[in-house]
Structure formats: structure tokens, C-alpha cells
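One chain, chain A, appears in both complexes that follow, with chain B as partner in the first and chain C in the second.
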Partner chain A sequence: MNRESVDRLLAVAGRELATVVRTRAFLALAGGFAVVVAALAWTAGAVGYVPLVLDLLTPVEVLVPALALAFGYRTVLGDAERGELDVIRTYPVSRATYVLGAYLGRAAALLVAVIVPLSAVALLVPLFGGVGTTVVASHAASDSPVLYLRFVVLTAAFALVVMAAAMAVSTNARSSRAGVAVAVTLGVALVVGFDAGIVAGLVGGVVPEGALELALGLSPNSAFRGLVLESVVGGVAGAPSTSPVPSVLGLLAWLAGALAVATVTVWSGERR
Partner chain B sequence: MTDGPTQEYDEPDEPTRTDDEANESTGAGDEPAESNERAPVVEVEGLSHAFGDVDVFSDLSFSLEAGSVTALVGPNGSGKTTLLRAVLGLLEPDEGRVTLTGVGPTDRRVGYLPQRPQFRPTFTVAETLQFYADLLDREVDVPGIVDRVGLSGASDRRVDALSGGMTRLLGIGQAVLGDPPLVVLDEPTGDLDPRMTEYIFELVGELADDGMAVLLATHNLAGAEAADSVLLLDHGDVVAEGSPADFVARTDAEDFRGAFLALTGGDAAEAGVDADRATPTVSVRTRGGDGE
Partner chain C sequence: MNPKRVLAVLFAVLLVSSASFVVDVGADRPAPVPFEDTITMGMTAAATVQAEERGVEVPRAEVFYSQYRYVVGYHGVASLADELGREGHARQFGTPLAIYVSDYANADLNVTDEGLFRISDAPSTYEGWVAAEDAHFVVGSRARTPAGEAVVPFSDRSVAESFAAEHGGTVRDWDAVRSNSFDTGAATGEAFRAEVRAQHEWADRQVANATALLDRPVSVVVGEDAPTLPAAVEAAPPNTTVRVPAGTYDVNATGDGSLTVDKPLTLRGAGNDTHLRGDGNGSVVTATTGRVAVADIRISGVGDTFSDENVSTDQGDAWDYRVQLGYGYGDAGVTLDSANGSLVRNVSVDTPANGVVVRWSENAVVDGVTVNGSDDWTDGFMGVMVMRSRTVVQNSTFVGGRDGVYTHLSDGLVVRDNRMVGEGGMRFGVHEMYTSDALVADNAVTGASTGVVVMTRPNGNLVVGNHVRDSYAGVNVAGRASYVAENVVVDNHYGLEAPSQTSIYERNVVVENDIGFRASSLIPTNRVVENDFVDNDRYVTASLGPLRVWTADGRGNYWDDAPGSDAGGDGVLDRPFQPSGPVDSRVGDTPGAATLANSPSLTAIRALQGAVPGLRPTGVVDEAPLADPVRPAVVDRAAGANGTETTETDATAVPDGDANATEMTAVGATGIAPMEGDA
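Our next item is the complex of A and B:
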């Protein structure tokens, strides 16, 4: 990618970021996410970093995909509906530059919306947490802000993966209504659908027990959950570790696959 | 007069002409296009397209010259917008090719004003144009473009606070960014009042004066009459082409409107012409100077 392409990519990314920052609906969604996270942390007591992770893990598994899909599903679709996508195609912009720039701009806004409240509620632990949280331990078997940091980083990575999927939805949806329908379907599939499919596969014998780790890695939510439990909770509990490789590869495959789909399909199709 | 590379639109796996990879594949230099006064900028050869079993147009051939305005007229549903999209490279035709000459690989090849231009509502006029200017490889005088289309007083106004006519002007400003050799305008005066219509046709004339080839689809016969040449599209065929004077001479009509109606069956409504606008009630600048 030459300098001109990088400049164009940054122009597209800056436009997306500015759009999110100026759109009240996005700000309301980000604010709502922050309020929910803060309320959950407060009511749970924030007695320690690891307990806080366990309190937030399931809500984050639901809310982050919802937030990412809401931020991303109209990115390209909106340009297409306004006719700006056709206009952009008359400029020397490659489809990869446009898709990647749009992705980076929306992802930057999403990361701020996710990381800031998750980081902020961690302050509740030293400020209002229990006795055990007054000492910051460095031992792997103790509660530690480092463990919480791992959770935040993994959540950010999870958000990036779902945002990539949202981009693929955005380039393939042929109308706003279809975009909403596909985004909601994908959100439900991420939160419960893929996991339910794996359980059904296990029960039905389609998924052998030996392939369970691999199957879980194919579900973004399961991969995220597995990585959090392994890197945060596993370190404390001393539970037998499982390989994070399938989960990492699964998330990377979703990220790359979704962006590839978005790049291939972005210029195609008539939308209304 | 075609020192630059020749871009063809009928690449089977990449119909768009604006892809970086496609640009690199030309292997041509970055030298700017020569000034091609009245030289062919676009050659359309044997263009055919169908949606399913319905032929939109078939075997169309024409060329567009630098520094000229070509009006594409015809009834609603005659295939004007589809033809424009094929010329733009946004639609891959079933057959035929569109060849653009004299353009460097990193230049903007064509400017485009959609039928109903819209932009991100929270951006200002200047911000909108600056975004598009940033997609080009050259420095662009955005305030100059704003002034050129007559929006200098609204440069800091948000897009969602613009009138329909001002949005159209912003669209034209966007279309001419980077000085593309071809500018395609899809009904640039649709739904606009006579004063704004007149102003936009003045702008169109200025674009041609600057050396651009302008292809515009319009139902405004006064505007079409001011063009250098007219393509009359009906049921997917070019039923007549030439200068407005040629149309009149060919039909023995008293004026261009009469010629147009004669060539399209004599019914203004069927011909897709607003009866009010069919009468050239606004002064429109012709290519040779001012005129009616």
C-alpha cells in the first residue's frame, strides 16, 4: 500500500469517526453501554478484579456484539443508499482501501465506547472494593489489575471481530430493513446460536468430543469466553489449562474472513 | 491526441475503472492529460445491456468530445440512467465497451452527479468537499470549488441544512473535483425552480468551457437545446443524435421542442417531458454564448 493509498484510507477512516462522534444515536448507545457496565459493577460490589470480570463477562458477551453491530451495520449501506458509494467509485479508491478505512474509523469509535467504561469501572475495585483488593498482587494466583487488563484487551479484540462482521453485513444488505434483519440475526447467532449449535452437535454426535475445542473456537463468543476464562480466571483458580490456539485462530479467521467478504462484495449489487 | 492510457470498462472481473490495482496494471505514467479541445474523450462501442429478458439498450455507439455538452434525453424508462451507469463503469454491460482516452492512471477519470445527490448530513459543505478532495492524489483548492459552484456563502453550513438546489450544487462541486475529463450529470435540474435550473445550466456550460466533456441526462428541453449535441434515447435505441439544429432540420419542426416531440411520437407526457419545462421559459446560456 503506497502513501497515497494510506492517505485515502485515513480520509475514509476520519470521515467514519467524525460521523459516529456527531451522531446522537451512537453517543446514546455508547452512553447506555457505559451506564449498564457501571451499574453492574456497582451492584456486584466490585470486590476484586477477577470477580468483576466474572460479573461483567456474560453481559459483555451480549452487549458488545449489539454495540458493534449497531455501530457498523449501516456503514457502507448508508453510503449506498445516499448514492455516495457510486460517487466514491469515481475516485481512485480501491475497494480494500474504502472497506478498511471505513472499518478502522468505526472500530476506533467502538473501541473508545467499550474500553473507556470497562477501564473506568476497574477503579471501583481499589476505591470501594473489599479488603482483599487493597493489595495489588503480582502472583498469578492472586487478584490483580493485570488480570482485568487482559479482560479489557480481549474484549477490545472481540469487539473488533464483531465490527468486521458488521462490515460484511453492511456491504451485503440490499436495504435498511434487510440490514437490520441480518444484523439482528447475526447478533442472536453470536450470543446463543453458535453455542447452541455446538451443543446440539455434541449431543447428536456430529461434533466429536475431541473436536470440542476447535468447534468452540469457531464461535466468536465461545472463543472470547474461553480466552477470558483461560487467561483471567484460569490463572487464579489454577485450573488445568486448555490451548488458546483454536480460540485465537477462530477469532482471527472471523476477522479476516468478514473483512474479505466485505471487500469482495462492496462494489457489487444494487441497493435501495 | 490520446497520449495517456486507454481505459476500457469491460474488464470481466473488475468493471470499475477506479480501482488502484487496475490503475497499476496499466503501467502508464503519471503525466497529466493533454488539453483535448474537441478531441474524443469517450468512445462507446456496441453497448448492450438487459435486465433479465428486458433489453434496456442494445448496440449503442457514440463518442463524447472534450469541451462539449452532450444531452441525453428520452422518455422515463428509456434507459438513460442505466446507460450513464455503464459509461461511468458502475454497471458492467452485457456487450460492448466504453473507452476513455487521455487519462493518467492516478487521475480521476470521471466525475459523477447522481440523480438525487445526498451526503453525510452532519458534515458541512466544506468538510464534504474536503473529504472527496482527500481521495485524490493532487492538492485541490476546496474553497475555490465552493466558490465556483456558488456556495461560498454556505461553506460552513451543514448538509442537512441545505436546500435541494444547494445540495445539487454541492454535488456538482464534488463531480468536478480533480478536473476529470468527463463529467456525468444525471438530471442535474430535476425538481429545481427555474432560477436554479438556469444557474445549473450556466455551470454546465462553464465546465465545458474549461475543457471537460459533459454528458447530462435531462428532461429539460431548454437545457438540452443549449447543448452541443443531443442523444435521443427511446426504447433502448438512439433514435436520433446530432446538434439541436440537426434535430430541427431533420423533422422540419419549427423548433427543438417540436422536433423532439415529432421524434418521440408527439406526446409530451409520453416523451417524459414536463410540459412547462418543454417550453424554454428560462434563459439558458448556449455553448457559443448567451441565448434562449
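Our next item is the complex of A and C:
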């Protein structure tokens, strides 16, 4: 990629960032996410980082896809509906540059919305955690902020993957209504559908036991959950360890595949 | 808007944070801490005191766990090895991050002729810490501690080898020691039940043996063959019966103190009509030799001395000498002193002090006795005071007084089928001090401060099938490796209290208490499963230690209002229950709490909560709550019999914002001696 296309990429990304910052609905969504995370962390009475991760894991698994789809499903769709896409196509911007730039802009906003509250609630542990007595010698056990940091990084990666899927939704939907419908469907599929499918496959014998790890890699939520349990909780709880490779590959495949779909479908034919 | 900076910052943040995957968490081993600062496990209070008094060294260990944030100290390497192998240990504590053991490489050790393990206190010798995996252990030497075999660790292999050469045993590494079993740990439920049966059988044999004393031929009848009781005892040949016909006998009026039986005789009255009246000084009847029976009489006029300071015995150097004098030499209706195999049967005593004192009398039996004590416990003493005697106390009734049965250092005794009627003024129904391996079974206690209480960290007590009602606390067992089962506790402030470690609580029925179960140990090693909790104001309080998991082998306890359904049909609810949690604890009594408890988000959030219990805030979680009561008939009886009294109890219930604070006020109000400090 030459310097020119990088500049174009950044220009598109900057435009998306500006859109996000100017849209109050996004600020409200981000604020809502932050409030939920803070409330959960507070009511969980976090005495350590690992318990905090376990308390946040399930909510994050549901809320991050919702947030990412909300942030992303109208990215291209909005441009198309307002006719701006037709204008953009008159610029010397390739499909890949436009999609990637738009993705970067929206994803950057999403990452800020996800990382900031998650990092902030970690402060509850040093502030209010501990073992509640000084009479008896205590130690940190296996608990460590490093483990929490892993959780934040994995959550960010998960958000990036779902944002890529949201991009694919936004390039394929023909109307706002269709966009909402597809986004909701995708959200339900992520949170419930894929895993339910794997369970059904396991019951029906379609998914052999040996391939369960691989199958879980195909579901972004399961891949994310597996990676968190493995890298954060694994050393502590001593559950049978799963290989992180299928999960990592699965998430990467979703990221690349969704962006590729978005690129291919964002527009077709010659520049007008 | 220039996205460069935002993207650059995000990229940098993620890149740096990703380094967290490279860092090896928990790579550095924590340094050892002073042993006094740890939570200790592994030895009874009696053994600890004994070891200290006799200067016996006990090799120690301390463990840093991955999932338990207090440092745990162990008296004895053997007890550590056994505890590490206990089922459920890893679930609650995680894996050991670091284990340190006493290092005797620089200590001047010796083993006495009796095998006691000692360390010289010369300044040139000292005991340090060594990591267990770097240590060399001498196993099977003749070195002993009060807790059993001493496994002796050294950092230096050659020192270990020379110790083994001198005192026997072999040198082993940590892995070999760890996989050993030293029989210091807790038994399984099945082994405990076998133990209960064995104890009952032992008691049956003692009772049969002692009851045979009633078959002795009558040699002297008081009033016919001899003018007075002392004269009759004097005249009767050994192994015969002195018959005491109906009538009142002024025992101490003869001037030489109480009636003393110093030969194997049976003293038998005609029931309540045979009345032995003391003059209010000392015990009324005292047996000072084995195989004496006192049966079918009524006694009054007992002295009011609790602790006789003027006694002198040959026990002056025993570690518990002060306890012996303080408790074992008070006045009583009948005193058995060094009277092995003796019997007190169907005797009723009105007393301002003890009913029966049994000291230094193995295999004695107290059967069918009735003791009427003081209205308020501070004015009286024990129904039966057992000291240093493995005895049987059964089928007796204790009204008022301080404790129904008090035991001191009487390992293996049996207290069964007794009735303690506290009438609100009694302290403890059954009170065990420094007593291990005892059976307390099928006693009924009402109106006491605590129904059955075991203090001073003993081992292996069996508290089974007792019923406690209308008391401040039902059953409170301290110590280790004990069995608390099939007890029914109804309408108390606390149903069960558990300061114990590595003990089993099963098949107890906990009904209509203010607080069903008080989990008060800092170290979560009790196995609490298959108990029924019904109609308690609060299920559980826990103020110390981490989250406890009350589930084993896929089964937990029955909580009457636990939400969820048994979709699997295996008798277990699908949803974990947190009896101490903010929502679940209110399910039964706060309208709406049940609705909230069934919220999928709540279920989702708590799904992973049991994963690292050791790092959780204190409380209790049951991962497999039972769909049906374990003992439904008992639950119904307990709840039904009590229906009318509920409102009254509710009125006097102490609001329980803080379990500790409540405990303190209650202690203050009723003047209960603090736990463990009674002696």
C-alpha cells in the first residue's frame, strides 16, 4: 500500500470517527455499556482480578456484540441511503480502502467504548479488594492484574471481529429496516445461535467429540470465551485445558472473511 | 477529524497489553511467613498444649495456594500430606503455589526413650524453612509427636541420612511423602457411620457389663441387718447388694462426711421413696473403687462447691491440672472416683452443684438419672461431670443447671438418648472439652444457650441424631474431622454453627431458626451436603473466609425456596443457589425476590461464580441444590410441631445485620463464656 492510499484510508477513517463522535446515540450506547459494566463490577464485590473477569465475561459476551453491531451496521448503509456513497465512488478510493478505512474509524470508536470502562473497573480491586483481615498472613494467590489485562485485550479482539461482521451487514443490507433485521439476527446468532447449533450438532452426531474444539472456533463467542477461560482462568481453576489455536484461527477467519465480504459487496462495477 | 492519533494510541495500547500473554503469572514463589501468622490446621488443642508443655517439637509446614489468599500452616507434615489428598481440597484451595516445611538441617535434634521428638534450644541450633520440593524427609523413624508419627524434613540430604541412621526410617523426597496416607485426616461419611455403630456397640457392652452389678445377692438390709447406711456398707462383704428400703436417710448426720463406698458393692434403694439426704456439704455418695453400683434412690442435700481448691492429687504436673481441680472435684449427688466399670442407675438428684461426677473411672455407666439443677446456669454446675473417663451417659434427664453433660479429656465417651430441659436458664446441653472421638447421639435439648457444643479443637467427634429446640444455638462443633449428621435443630437463633475443619455435615434438618447455618471457620474445609434447610429467616451467614462450595459428587443441600427446576429429573435443580447471596437469601420472604432470582441475566452472571471460590468474597454457593428434602418426614414433623411458636420467636429474633455483632451482644446479654476459653 503506498502513501497515497494510506492517506485515503486515514481520511475515510477520520470521517467515520467524526461521524461517531457527532452521533449522540453512540455516546449514549457507550455510556450505557460503561454503566452496566461498572454496576456489575460493583455489585460483584470484586476481591480479585480473576473473579472480576468471571463476573464480566458473560455480560461482555452479550453486550460487546450488541455494541459492535449498533456501532457498525449503518456504516456503509447510511452512506448509501444518503447518496454519499455515490459521491465517494467518484473519488479515487478503492473498495478495499473505503471499507477498511470505514472499519478502522468505527472500530477505533468501539475500542475506546469497550476498553475504557473495562480498564476503569479494574481499579475496584486494589481500592476495595483484599482479604478483609490483617490478622492472618495473606498473599495474592494466582490473582494478578496481568490476567485482567489479558481479558481486556481478548475483549478488544472480540469487538474487532464483531465489528467486521457488522461491516458486512452494512454493505449487504439494502435498507435501514433490513439492516436492523440482519444485525439483530446476527447478534442472536452470535450469542445463542452458533453455540446452540454446535450443541445440536453434538447431540445429533454431526459434530464428533474430537472436533468440538474446532467447531467452537467457528463460533466467535465460544472462541472468545474459550480463550478467556484458558488464558485467564485456566491457570487458576485447573480445568482441562483447550488448545487456543482453533479459537485464534476462527476469530481471524471471521475478521478476514467479514471484511472480504464487505469489500466485495460494498459496490460493484466501474466507478461512476 | 484526524484519526492518526487515536489509531496510534489504540494500536500502542493493544500492543503493550498483549505483552500480558507473554508474562508468566505466578512465577515468583512467595517468601515464607512466621508460622504464628498462618491459619493453622492439623492438631488438637490438647495435643498442641501437650507438645508445648513437654517441649516436643512438631515439624511444621506452610502452604501458599493458588486459590486461597491466607497462608495455611500445618502442625505436622503428615497432616499436610493427608489434607492435600482429601477429596474436595483442590476444589476449594486450588493448587499449592509454594510449600515450605521445617528445616532441621541446623538443629540439634534428639529423640527421647519414649520416642518423643525434641530440639535443643542451644543458640547454635535453629529451625528454618525449606521448600518442600527441595527437602529430604525421614519417614518411619521412631520420632513421635502428640499427633502421631513425625515426618522430619531436612534441607541437607546427608543430615537426613544420619538422622535416619540413628533413629530409623528412610529418606524420601516430597513426591513420595505427599502420595502417602498417614491416617491423620478426615474419614468418609461411610467410615463415620461405621464409627457411630461401633461406638453404640461399645456402649451397649459397657451398659450390659455394668447392669450385671444389679444381680448381686443381697447381703445386708439397712434397718434390719445394720442400723445405718455406713454400718451396712461396712458390714457387707464385697460383690453383694446392700438394700436400702423406702425411707429417708440422713447420710452425713453420722458426722464423718459423705457416704464412701470403698469396696465393690451394689447400693440399691426402692426408687424415689428411698431418700438419701445430705447436710449440704460435699458429695452425698462417693465410690472410690471399681465396680460399685448405686441404683433406685433419690438424693438431696448436696453441697454447693463447684471447684474444690483444697484437693491435692498426684496430677500436679499434668498440663490440665488446673482444669481438673476447677471442674472435676465439685460436690455431687454421686461421685465416682477411680471407680472403673461402676453404675449409677435410676438415681434422681436435686443439687445446687453437680448431679454425678465421674473422674478417673473408665467404662462407668450413668443410666436413667434425673438431675434437677439450678434455675439459672450461673448458680449451678453440671448434670454429669465426666473427667478423664470414657463413660456412657444415657437415658437421663437434666433439668436446669449449667451443662447437662460436661466432658473433659474423655476420648471416646458416649452420651446418648438424654433429655436436657434448659427452661431458658441452661448453658449447654452437652459440652465437650478436649474430648475426641466421642459419640453424642439422639439427645433432646430445649431452652439452652447451645444444645451440643464441642470446643478446643478435638478430632473425630460424632454428633448424630440430636434434637435441639428453642435454644440460642443448636449444634456447634469445633475441631477437625468430625461428623455432624441427622441432627434436627428447630427454632433456635443459630441452627448449626461450624467453626470446625474437615468435618462432614450431612442429613441434618434445619427448620425455623433465625439463621440456619453459621459458617464461621476461616478455612473452608467442611463438607456440607444433603442437609434440609426449611423456613429459616436466613439460610446461612458467613463472615470470614472465601466462598464455600457446598456441593459434592453433584449433590448439594435442600433449600426450601431455591428457585429453578429439575429438568434433568436427577433430583438436582439446574440453577446454582447462593443461600448467603443478596437475592437468593430473600427468595422465601421478600415478594419479588423469586421473580428476580429467575432472571436469566442473574443466572448467566452467576454461572461462572463457583469457578474460583477461593478468590471470591465470603459466602456459600450450592452448585447442585436438591429438588426435594432429604428427610421429608422429619422436616414435616419438625415444622408442624412448631407452628404455634413461630410468632413468639420472631418477636424475640435479633436483627442480624452483622453476624459477629449479634453474637457479641448475645454473649454479653446471657453471659456465655467465650468460645474456647471456657477452661
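One rule holds for everything that comes next: the second predicted complex is superposed on the first by the 255 of 272 C-alpha atoms of A that agree within 3 Å, B and C clash if a C-alpha of one lies under 4 Å from a C-alpha of the other, contacts with A are read in each partner's own complex, and residues count from 1 in each chain.
Note that a residue touches a chain if its C-beta (ideal position, glycine included) is under 8 Å from a C-beta of that chain, and two chains touch if they have at least 3 such contacts.
What you are looking at is a predicted structure, and each value in this text was computed from that prediction instead of being measured.
When the shared chain is aligned, no partner comes close enough to touch A:A38: not chain B, not chain C.
Looking at the shared chain after the overlay, A:I115 reaches chain C, while chain B stays out of its contact range.
When chain A is checked against chain B and against chain C, the one touching more of its residues turns out to be C. Shared-chain residue A:V47: touches chain C; no touch with chain B. In the superposition on chain A, A:A18 makes contact with both chain B and chain C. By the touch criterion stated above, A:V264 is placed in contact with neither chain B nor chain C. Of the two partner chains, chain B is the only one touched by A:R89; chain C is not.
Of the two partner chains, neither chain B nor chain C is touched by A:V248. Residue contacts after overlaying the shared chain place A:D55 against chain C, while chain B stays out of touching range. By the touch criterion stated above, A:L214 is placed in contact with neither chain B nor chain C. In the superposition on chain A, the residues of chain A contacting both chain B and chain C are 14-15, 18. On the side of chain A, the complex with chain B involves touching residues 4-5, 7-8, 11-12, 14-15, 18-19, 22-23, 82-84, 86-95, 97, 267. Residues of chain A that touch chain C in their complex: 10, 13-18, 21, 40, 43-45, 47-48, 50-51, 54-55, 57-59, 62, 104-105, 108, 111-112, 115, 131-133, 136-144, 146-147, 149-150, 152-153, 156, 231, 233, 235-239.
On the side of chain B, the complex with chain A involves touching residues 16, 18-21, 23, 85, 88-90, 106-112, 114-120, 122-123, 127, 131-132, 134-137, 174, 178, 180.
Within the complex formed with chain A, the chain C residues making contact are 1-4, 6-7, 10, 13-14, 17-18, 20-21, 23, 25-26, 30, 33-34, 37-39, 64-71, 90, 94-95, 97, 522, 544, 582, 601, 604-605, 607-609, 611-612, 614-618.
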